[in-house]
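Worksheet for the structure shown next.
The first chain written gets the first letter, and so on, giving A, B, C, D, E and F; residue counts start at 1 in each chain.
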Amino acid sequence: MYELGVVYRNIRRADGDLAAKLGAFGTATVHEAMGRIGLLKAYMRPIYAGAQAAGTAVTVLLQPGDNWMLHVVAEQIRAGDIVVAAVTSDCTDGYFGDLLATSFKARGAQGLVIDAGVRDVRVLTGMNFPVWSKAISAKGTVKATLGSVNIPIVCAGALVTPGDIIVADDDGVVVVPATLAQKTLQAAATREANEGDKRAKLASGVLGLDMYNMREALQKAGLKYID
Amino acid sequence: MYELGVVYRNIRRADGDLAAKLGAFGTATVHEAMGRIGLLKAYMRPIYAGAQAAGTAVTVLLQPGDNWMLHVVAEQIRAGDIVVAAVTSDCTDGYFGDLLATSFKARGAQGLVIDAGVRDVRVLTGMNFPVWSKAISAKGTVKATLGSVNIPIVCAGALVTPGDIIVADDDGVVVVPATLAQKTLQAAATREANEGDKRAKLASGVLGLDMYNMREALQKAGLKYID
Amino acid sequence: MYELGVVYRNIRRADGDLAAKLGAFGTATVHEAMGRIGLLKAYMRPIYAGAQAAGTAVTVLLQPGDNWMLHVVAEQIRAGDIVVAAVTSDCTDGYFGDLLATSFKARGAQGLVIDAGVRDVRVLTGMNFPVWSKAISAKGTVKATLGSVNIPIVCAGALVTPGDIIVADDDGVVVVPATLAQKTLQAAATREANEGDKRAKLASGVLGLDMYNMREALQKAGLKYID
Amino acid sequence: MYELGVVYRNIRRADGDLAAKLGAFGTATVHEAMGRIGLLKAYMRPIYAGAQAAGTAVTVLLQPGDNWMLHVVAEQIRAGDIVVAAVTSDCTDGYFGDLLATSFKARGAQGLVIDAGVRDVRVLTGMNFPVWSKAISAKGTVKATLGSVNIPIVCAGALVTPGDIIVADDDGVVVVPATLAQKTLQAAATREANEGDKRAKLASGVLGLDMYNMREALQKAGLKYID
Amino acid sequence: MYELGVVYRNIRRADGDLAAKLGAFGTATVHEAMGRIGLLKAYMRPIYAGAQAAGTAVTVLLQPGDNWMLHVVAEQIRAGDIVVAAVTSDCTDGYFGDLLATSFKARGAQGLVIDAGVRDVRVLTGMNFPVWSKAISAKGTVKATLGSVNIPIVCAGALVTPGDIIVADDDGVVVVPATLAQKTLQAAATREANEGDKRAKLASGVLGLDMYNMREALQKAGLKYID
Amino acid sequence: MYELGVVYRNIRRADGDLAAKLGAFGTATVHEAMGRIGLLKAYMRPIYAGAQAAGTAVTVLLQPGDNWMLHVVAEQIRAGDIVVAAVTSDCTDGYFGDLLATSFKARGAQGLVIDAGVRDVRVLTGMNFPVWSKAISAKGTVKATLGSVNIPIVCAGALVTPGDIIVADDDGVVVVPATLAQKTLQAAATREANEGDKRAKLASGVLGLDMYNMREALQKAGLKYID
C-alpha cells in the first residue's frame, strides 16, 4: 500500500478547466453524477461557512504529530492544485497554520483538505484560504519522521490518487478520478439541466410525489393511507 | 412500536397560536417550564446560527440511506407545521436538500428537524429555511423502502407524537405534547415574568447567592469557606 | 485529589498585565512558547467565531447536572478573571446561560471555559461574552450537591490551578501556570519576532524547505525524489 | 412527555409466558418478526458474553449522577420483570452495583437494561445477573433528585412502556409492546420454522442466490458479471 | 472510484501459502514488516477473543441498511478467502448472521472483515467463524440496492484490492498487497528471528535502553536525569 | 505544566502495603472512600476480564505515535510500581506490546495504565500482565521525540503524581494521592464493614428504601405513588 519516504514529482493532473467546471456544480451534484460515490466522510468540515474550492489533488501522507511533509509537499504545488493530506494514524493535532497557508497560496494552491487538525483559523479565514479538516486544534507538531508526497492515499475514507479532481464546499468534499472527470461533468450538467424547472414546479406547490410519478411505486410497495 | 408503510392523514394538531407563543420563549425556557424535560439530544444542531422555528409536528420515519418518505410527508404538511424525521437506524446521509426544501416551504413548513444528515446547506441558509440535524453530508439517498408518516417516533432521544408542538433555536429542540401546551405556556410566562428584574439586579452586581437566598442551604450542605 | 465542599477565597493570581500580553499572541503561539504543552482538548470550542479572552483562572468543580457552584464561584470573581469549570463526570447539560453571564460580567469576568454545556448562546453572543465549551445544550440543571471553588482541577485534559493564566481564541484554550508566565511571554515574543519576515518570504514564493534549511535533514532521513 | 416525581404501582404487564417464549428466539429474530423495529441502539452491550434475559418491563427515569430512583423501582419489581432505566440527560456514571443487584434479584428481577453506566461487574457476572448498559464505570452517584417509576420512557432510542416485553442477548435489546407480543411470537415461530432446513442447504453449499431466487431480481436491477 | 452494479469473477489472488505464513506472524508484526502501514482502523474488533484468520481478499461494497450483495459475494468465495466488506456510508446495522456464516463457511471462507455491524454473535462464536466488525447489532437489513463485488474498496480507512492478503487477530486487521507479500514475509521473518533472544534478555532484566543502545541518542536529544 | 525531556529518578512512593490493602477493596469502593473522586475516565478498559492491579505510580509522558519514553521509564520501575502513561495529544497507536511487557514485568511492574493503545493483547493476557488502555491497536510507533518520566501528568482526565497509589480492576482505574492513602484506607474499611450485613438483608428481600430509611426524604421531595 503506502510507500514511505518518497516524493513523486511528475503526476498526471486532470484538466484544470474540468475541475473548475465541476466545482461550479458543487459537491452534492458531482457526487450524484458519479453514481453517489467519491465522498470523503462527513466529519470533514470547512473552517468557515461558504468555503468553496475545486482543483487537482497533490497528496501527502503525514505521520502522527509531525507536519514535516507539509513543507515537502509545498514545493510540488502548481497553480490550481488542492493539497490533500492523510495521516498514518488518527490524529487531531494542528498540522497547518498561517505560515504554511501563506506558502501554499504563494504556490497557487486552491485550498487544503486534511484528515487531521489545523490552527490559526481566524487568519486563514481572513486570507480566504479554504480548508476542510477533521478538527481545529492549536496543538503544534514536530518535524522528525518521513511520510510521502504524491502517492495514492486514503483520506477520510476515500481513495485519492494524485491528479484527481477535488470539489469541496459547505456540504463536504468529493474526489473525481481524472479518468471519470469528463463523463462526470456531462452527467452533472444533465442532472442540473432541468433543476430550475423542477424547483419552479415545487415552489408552485406541485408535489415530488406527482412530479416524479412516485405514487404507483409507493402503492406497489404497499403504502397505506389511513384517514 | 413503529408501524411501517402507513400514512396517517388526519392528525390532531396543537393550536398553532400556542406554538408561536411558546416559540417566543425559546427552547431553554420552554424545557424548564415543562419541568426540565422534552429536549432532543444536544447533537441536534441548526445548520446556521440564529435559526428559529416553532410549529406543529408532522412526523416521518425513514429507512437508512433512503429518503423516499420525505416526498410522502411533503403532501401531509400544512401551514405552520415542522417536519420531524427519524431513521430506523443511525445514518448521517444527506436526506434533504434544496429541492425538498422548496417543496416543504411551498407547503407551509416552518422547518425540519431530522436525526440524520442534510445537504445544500448554503442554499437552505439563503432560503432562510431552518433545519436542525445530526450531520451535514452531501451523500445522496435512494427511494426503495417504505417507512411511515405521522406515527409517534423517537427522534434524537425524544418521543414526538404527530401534532405536538416543536420549538427550536440555537440552544436545540424541545417537544411539547399538545396536551401540555397551554400549561407550559403559563409556566414559561411565569418563569420569564421577573427575568428582566433579575437581570437588572445581577447586572448591578447583586449575587445569585443573595438574590436566590442560597447561602443558608449551602452552609447546611456543609460548604466551607477558607481564607 | 479533589477536595469537595470548599471555597478558597484567597488565591494568588498571576499578573493581569502578563495575561493581557500573552492573550495578544493567541493560543497557538503561547502553547508553542511553553514547549508545545498546556492545551485543553480540541473539543473545547468557542460558542461564536472570533471569541477571544485572556485572564486569570478562578476554578470551579461541578457535579453532574448541577450548577449550584456556578453561583458560588460568581462571588469569587475579580475583574480580569476567567472562570474555568470542570465536572466530576462527563456531562453536556446547559450549566450556564444569560443570567449567570450577566452576573459574571458584572463581576468583571473575561469569559468562561467549561467542560460541559451552555445555553442561551444567542444572547451570550449578543452580550459578547466569550465561552468555550464542550457542548451547547438547553438542558437545565439542579442545585443540590456541593463541588468546590478555587481548587486545582482537570479541565478538558489539562490541569488548571487557581490563578493560572488562561488564553483562549478560535484555536482553543491554553493554560499558563503563573510561575511560567514571564518566561512564556518572552519565548512567545521571540517566536513572533521574525514571523513577519518569514511570512513575507513565504508570500514571495520562498519555500519552507529552504527558509528552514530542511533539505539536508530530509535527505539524511532517506527521502527520495522520483521523476 | 415525562412526568416527574411519580411512581405508578399498577401496570399492566404482558404475559410472562409470552416473554419467555419470545426470549427463546433471541433479539435478532424477535426484531425481524416485528418488521425490523423495536431495537435499542447498538451501544447497549451486555456486561458479560452470553448474557440472556426476557421479561416484562418496569421502567425508571433517573437524573444525571443520581441513582435514588433505583431504590424506588426495586419495590415495584415482581418476579419476571426486567428493569429498564433511562436518564434525563447523557450520563455514564455507575448507577448500579452489587448491592442493588442483590436487591433486584431478591425481588425476582431477570436483569437490568440501563442507558448509563454500571459497576461491580465482576460480582454481577459471578451472580449471573445480566445487565445491558452504555458503559462500565466505578463512578458513584448521589441521592438528591426525583425521577419517576413506571412511566413510558425513551431508553437508548426506543420507547419502552411499562409492561412491555424485553428480550436481550449478545446481539442487543429489543422491546415488544404488550399488544404485539402474541402476533410477534407467531411471526418469530414462522420465521424460525424452516431455518434448520435453510441452514442445512447452505451448509451443503447451496447459495442464498438460488435458495432465495435472487438472480432474476439482481439482473433486473442491472447487476453485471464481468469475467 | 467505485463502480456500482458489477461483479468481477476473475481476480488474481495472492498465493494462499504466503497468506498462511504471514498469518502465523500476526497483525502487528506484518504491519511493522511493511513499514508500519496497511492497518485498518482500530475500531475494527473481533467478535470473540482469540479470533485469528489469514487469507486472500474477496471484496464487496454494500449500501446502507442493505445486505443484498453479501449473497452475491458468497458465490465468488473460494477456499482460503476472507470476505472484506465496506458500505457506501457509515452504518452499524447487522448485515451478517448465522445463515450467511454457514454459507460462507461452506464456500471455504476463512472469515469476514466488515466495516459495519454483525449479529448472531453467540452462534458465530460457537461456529468458530471469525469476524472483525465495527459493531454488533441485531438490526436487520433489506435487499433492494446494488453494490459491487471484487472492486477495490476502502474498508475502515485502508484500500483493499481483491486478491490482497488479509491477516487479522486480536490486535486488528492488516492488508498486504499481493505484490508486497513475498517481501513482507521476509521482513517479518527477519524481524521475528531474534525476538526470542530479545525476550530472554528483557526477561532477565536487561533494559531496552541498553539492548537497543538508546542512551546516546536520548542524551543527544537532550534528555536530563534529575536526582 | 508539563516539563519535557526530564526524568526524575527519586520519587516519594506511597507505602506499597497501603497500595495492596486498597487494591483489595477495588476501584469502586476506593473512589467512594475518597469522596467520589479520583477516577480516570470510563473509556479506560482492561484488556482482559478480571484484570486487577494495585501499586505505586511511576509516570511517563509520551509524544503522539512515539513510544521512546516507555523504554526510559522501564529503568525507573521498582517492584510494586504501576506505570501510568499519558500522551501530549490524543493517540490510539499501539505503544506497548509483549517485549516491553516482558521488560516491565522483569522490573517488577504490577501493570500498565495508558491513555493510548496497546498491542499483542493475546500474549499480554497469557502473561497475565494487566493493562488498562483507551484502545487496542497494532499500529507501531517511532522513537524520535522526548517526553518525560515521573512528572505529574493528566491521564484520562485525572491528575497522577509520581508515587500516588493506583487501584485498577474491571470497573476502571482510581488514583489515590499518597497523602490521602491512609485516610482512604480507613474510610474504605468502614464502608465495607457492614456490607455483608446489608447484602444479607437485601438478599432476604428487605428494600433499600427501608434499610436506608429513604421513604421520608422521598416524600419530602414530593414523590407521589399512584395506584
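To be clear about the criterion, contacts are C-beta pairs under 8 Å (C-beta built on N, C-alpha and C of every residue); 3 or more make two chains touch, one makes a residue touch a chain.
Computed from a prediction, not measured in an experiment: that's the story for all the values here.
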Same or different: at the chain C/chain D interface, is the fraction of residue numbers used by both copies above or below half?
same
Distance between the CA centroids of chain B and chain C (whole Å) is 31
Quick one: report the Å distance separating chain A from chain F, using the average Cα coordinate of each chain.
42
Can you give the whole-Å distance between the Cα centres of chain C and chain F?
27
Among chain E residues, those touching two or more other chains are 36, 39, 42, 88-90, 92, 137, 139, 145
What are all the touching pairs of chains?
A-B, A-C, A-E, A-F, B-C, B-D, B-E, C-D, C-F, D-E, D-F, E-F
So in the complex, the part of chain E that touches chain F is made up of which residues?
26-28, 31-32, 36, 39, 42, 45, 49-50, 169-172, 174, 195, 198-199, 202-205, 207-209, 212, 214, 217-218, 221-227
In the complex of these two chains, what residues of chain C are touching chain D?
63-66, 88-93, 137, 139, 142, 144-145
Of all residues in chain B, those that touch chain D in their complex:
1-2, 4, 34-39, 41-42, 88-90, 152, 154, 157-159, 175, 177, 180
Could you pull out which chain D residues touch chain F in their complex?
5-10, 48, 68, 71-72, 74-75, 92, 94, 97-100, 102-103, 105-107, 117, 119-122, 125, 135-140, 143, 145-146
